[in-house]
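The chains carry the letters A, B, C and D, assigned in the order they are written, with residues numbered from 1 in each.
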Amino acid sequence: MKHLFFDDYSEGAHPAILEHIMNNNNGQERGYGYDSYSQKAENLIRKEISSTNADVYFLPNGTQINFTVIAAMLRSHEGVIAPTSAHINVHECGAIEATGHKIIAIESANGKLTPAHVEQAFAKHHDEHTVKPKVVYLTQATETGTTYSLTEFEDVANYARSKGLLVYLDGARLAMAIANEKNGITLKDITRLVDAFYIGGTKNGGMYGEAVVIINPELQKDFRYHIKQRGGLMAKGRFIALQFERFFGKDQLWFELGKLVNQKAQKLYQGLVKVGIEFENAPNGNQLFPILNNKLITELQKEYGFYVWQNGSERSTCRLTCSWATPDTAINDFIQDTRNLINKL
Amino acid sequence: MKHLFFDDYSEGAHPAILEHIMNNNNGQERGYGYDSYSQKAENLIRKEISSTNADVYFLPNGTQINFTVIAAMLRSHEGVIAPTSAHINVHECGAIEATGHKIIAIESANGKLTPAHVEQAFAKHHDEHTVKPKVVYLTQATETGTTYSLTEFEDVANYARSKGLLVYLDGARLAMAIANEKNGITLKDITRLVDAFYIGGTKNGGMYGEAVVIINPELQKDFRYHIKQRGGLMAKGRFIALQFERFFGKDQLWFELGKLVNQKAQKLYQGLVKVGIEFENAPNGNQLFPILNNKLITELQKEYGFYVWQNGSERSTCRLTCSWATPDTAINDFIQDTRNLINKL
Amino acid sequence: MKHLFFDDYSEGAHPAILEHIMNNNNGQERGYGYDSYSQKAENLIRKEISSTNADVYFLPNGTQINFTVIAAMLRSHEGVIAPTSAHINVHECGAIEATGHKIIAIESANGKLTPAHVEQAFAKHHDEHTVKPKVVYLTQATETGTTYSLTEFEDVANYARSKGLLVYLDGARLAMAIANEKNGITLKDITRLVDAFYIGGTKNGGMYGEAVVIINPELQKDFRYHIKQRGGLMAKGRFIALQFERFFGKDQLWFELGKLVNQKAQKLYQGLVKVGIEFENAPNGNQLFPILNNKLITELQKEYGFYVWQNGSERSTCRLTCSWATPDTAINDFIQDTRNLINKL
Amino acid sequence: MKHLFFDDYSEGAHPAILEHIMNNNNGQERGYGYDSYSQKAENLIRKEISSTNADVYFLPNGTQINFTVIAAMLRSHEGVIAPTSAHINVHECGAIEATGHKIIAIESANGKLTPAHVEQAFAKHHDEHTVKPKVVYLTQATETGTTYSLTEFEDVANYARSKGLLVYLDGARLAMAIANEKNGITLKDITRLVDAFYIGGTKNGGMYGEAVVIINPELQKDFRYHIKQRGGLMAKGRFIALQFERFFGKDQLWFELGKLVNQKAQKLYQGLVKVGIEFENAPNGNQLFPILNNKLITELQKEYGFYVWQNGSERSTCRLTCSWATPDTAINDFIQDTRNLINKL
């Protein structure tokens, strides 16, 4: 195999992250998130989002964060509105339901929610024969590679709040969405518009762990109980904190890696367009969705790893994912091999 | 108001049911389903389904039975396949999810499942990133008034079993579906094709309570624990048992009431067809879905209670439900008033 | 067998209850608790407790009410304080835990809780490594036959509230405790001191069903969702309501039956004391706990049903339960037979 | 502060662990535990326990493993037997209950379970009014610092299995218990006697993560679903695996660190005994429970961090915990300071 474009977690951690851990391994610290590195990382994030009152926690992974935050937001009879294609609905093995809550799944062609979608949920959920909508789950960037513009995000978040809903953002690939200037969304915008969100680290060069930001004061209360009960309280809390201290330190590594990976994706996209490949849409982040001839797919998969996203009889939509570590040679090779195969087939 | 056609539980209990309770109220009996009336009623049902090994229990209502049986069938990572319109998916306030399990909801235009639907569920649920399909939930008659023919039922049940699934039937309106001879399905057929089902009493003239039949020996084991844990174990178990002793006693009241209500529905249907009303489809049981002019609806609702099922700009689909107690005069009046209003409007 | 003293649910329903059901069976009513009988019964109870703002619901049984109310009171990280011997801790098959909540079980010799017990729970539950105490569960009368005096009840309830806890009372045998004048507690006192409680019907001559009273406005909100989700919403709500309409109607049947059963228990107690039987304590309601010679037990159990509560090598504590229907002849026979057996053994 | 003896997770990771991660960070690997390092680490553990059929998984922390394994072992009506002082009962914020299961807590003075304790659980749990015992939870070393000898462990494990129970071992401090030769228990013994256990890494020099070993074939089936659903499936699985590859590599680091920490604890113990300190018992691993004069505690806590475990009016039992990184100087200083304070006070 020449290279794997499967996903953005096949690589290890960014060297700067590992180096920072190595340099701060020694010495005793209080456990369970009360260490000095956690304090520093929390403060860096608070500064970045211009919110001195936000609570920040470091948990091992995104699925765990999703069910911990959502279960903390809901009483037993309340549900969470999400697009049918949402990660919590299709790729977390019923983790939300395992906490006792229904996902109110709404069809959305592009994986994004609009005020109309939220309204649709309420139209079907208005008395005790159905669960009560209480949270709206948004993702930026979404499972299907799309992103919200600032206006779109404001529309759905404000509408949801006007209906008494809490707004939660899954930010597994938030760095790529923030780096995408077309969206025009900053961390400060998100902080203003949601009750809680998480800042993805793993897919952006981290080793493990993500940072949860809790804005809503009601939700802040007792949130450590929820972390503990759902298995997210790490005894040696310093190690995830150290990663985020590095991410949001002086050279703004987290933002830089987001830009870097988007550039790599753009380079691959532009190269493939030049050799005649069509796409579902231009990439909004680090994921590309080219529509490839099935024979071409078979040949390419001999040398490259990537997923077929949607099977077609002649042509199928594929997913190619770049990461901060994708070598330029891999990108160039893939474009070149595609060109050669097209000519040959 | 002249009459309510809202549903089949607006009436009280059939007099013969109440009389049987009254006649057997005295005397001491063991609690929690170990009384002599429960034994008799269980045996009558076992005889009716020709299964000496089936376990029979009497629980207060259908929602409770649905989540008790389904939760007993599933380990925490397993889910239940159901049509999107299934009662458990849209009218039980997330009760299944509250037991920790995801409903794998499959779109089905008529509320029935086919082998293709089950296959579709497996196509999207094949590894640990999604729940594992383990149960298929069928309803006879369905929420939308449709019914399975024997062949249709055999097809989906056998296919599900061939894939290792357990089959569960919600029989809230089973009496009406059994009474419908076009379906050609008997209680014995159901017993042969499912792992568990319940025989609805409340909607067929009962006071409260339904009978759960557990066929699968693995599920029989410890089932009383599940009943107790989910709140379905009644101290004075005799009173639901007495209703089913009466239902399945000599004069076959349960079957007779199913026939009776279907005849009433047919009479109303035929009468409305004659005055020119169109229908979604001919009634399969006690529910009618006429497509009425919106002005006609407004006028009719001044004298009759019924639901608008699907709003349209000019005409809307409505639901009229008959019960064992619907008076012939109410049926005649409704037809007559409809005719008069059509002429007037 | 001459008579069963096992429990207070081995008898059928009081004839006046059945008669009232029979007389009000006809006619159409709205389903799911929106019927006119439910309104009447709710109002009678509101009047009885002098609380126009209380919400009243009719659910099928006590276990179901316990987990429905407690789960509605708790967020996922919160727990309920209860004595180790509490029904929810030892006789409901983990129903509370099945809703996701821990019971904070506190040892109490007599099954009652004091402020010191509540304090003890807080001493061990003060950070996120344990659940957060949020509800205190009291029973009147308790599992072990003891009752709270008004002062005792005020002490624990007021202390619990001063610590931010909600107070919930399980009233399965509340009629007997109210009828016991030594306690000096009225329904109005309870209403003033708790956030929610239920009024037991089944053990006091009812057919099935109990009345839940929700005092706390926060808990009232959305409570119907919890009833539905936990399987307690009955389609034909009128039938439990009719029982409580009768219970709290003109002749105060519920109170009268509580007095009646206590008198029966006193008669049995006095008779047994006279023939030399010792007791754990004088009966506070309808349960007696005589300490009987093991040989005597063996002989008595040939003619009478009752439980051995605590095995001893020579003498064992037994439980005899009277009900509204226990015939005087059965009481006299039991005393007489005991006397005869004592003389013979 | 001179040194913290609070716990064994206040230090960072052992340098050899970090170095191994650093050296194997580069290169693409499949995600979610399908990487080559996971395979290597799994094989090293399988070799160590002489079980080619065991399944090994790497999860972020112990609390998460406990509820993932126990919930995978139980159907909804089943419970887990544990000593009252068990970590799952008192320090995991109701995490087991949050998966829907009751802990059957049995009083045990020393935190260990015997066949008599298991028998006691069955005596109180024999019908559907209580949960059904299905798993026994053991800890080696226990919360209170005690350890099972091989005979004790065989007794309780074999008895539990003879009653149809599954046996699960929480091995947070397993390295210290294995290193304690008095116990005479090897990883192979444990493998033979339990259905599942976990090998603690964090408290023995790891950075984060523990290794779960599933022996029982029934439990192996679908276990990855449970890991995913409960939030334990790490995208970059390589990083916990690398730690265990190092732990169980050539120089047997995991075993050596267990020995090392026990030696440190012994040194501290011997030194304190010499200056006249009494202990609850001789240390079985890395935890010491000295009984100290309350004035002495006050003075010592000015320079050293440690917990008061059990308050007394004059003397209190304290807990001192050593780790692989506790410097000899800290041990010597603590002994010397204690001697000086005793003379002074």
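FYI, a contact is a pair of C-beta atoms (placed from the backbone, for glycine too) under 8 Å apart; a residue touches a chain by one contact, two chains touch by 3 or more.
This one's a predicted model, so the numbers in the text were calculated from it and none came from an experiment.
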Worksheet entry | Chain whose mean Cα position lies farthest from chain C | A
Worksheet, complete the sentence: Ranking B-C and A-B by C-beta pairs in contact puts on top B-C
Worksheet, complete the sentence: Taking each chain's centre as the mean of its CA atoms, chain A sits from chain B at a distance in Å of 43
Item to complete: Report the inter-chain centroid distance for chain B and chain C in whole angstrom, where each centroid is the mean of the CA atoms.
Response: 34
Worksheet item: So which bits of chain A are touching at least two other chains?
Response: 76-77, 92-94, 98-100, 128-129, 131, 225, 228-229, 233
Worksheet entry | chain C partner contacts - residues on chain A that touch it in the complex | 71-72, 75-77, 99-100, 127-129, 131-132, 222, 224-229, 233
Discussion item. Per the contact definition, I'd like the list of chain A residues that touch chain B in the complex.
Written reply: 76-77, 79, 90-94, 97-102, 105, 124, 128-131
Worksheet item: So in the complex, which bits of chain D are touching chain A?
Response: 3-4, 6-7, 9-13, 15, 18, 21-22, 24-31, 60-61, 63-64, 67-68, 92-95, 98-99, 202-203, 207-208, 225, 228-236, 238-239
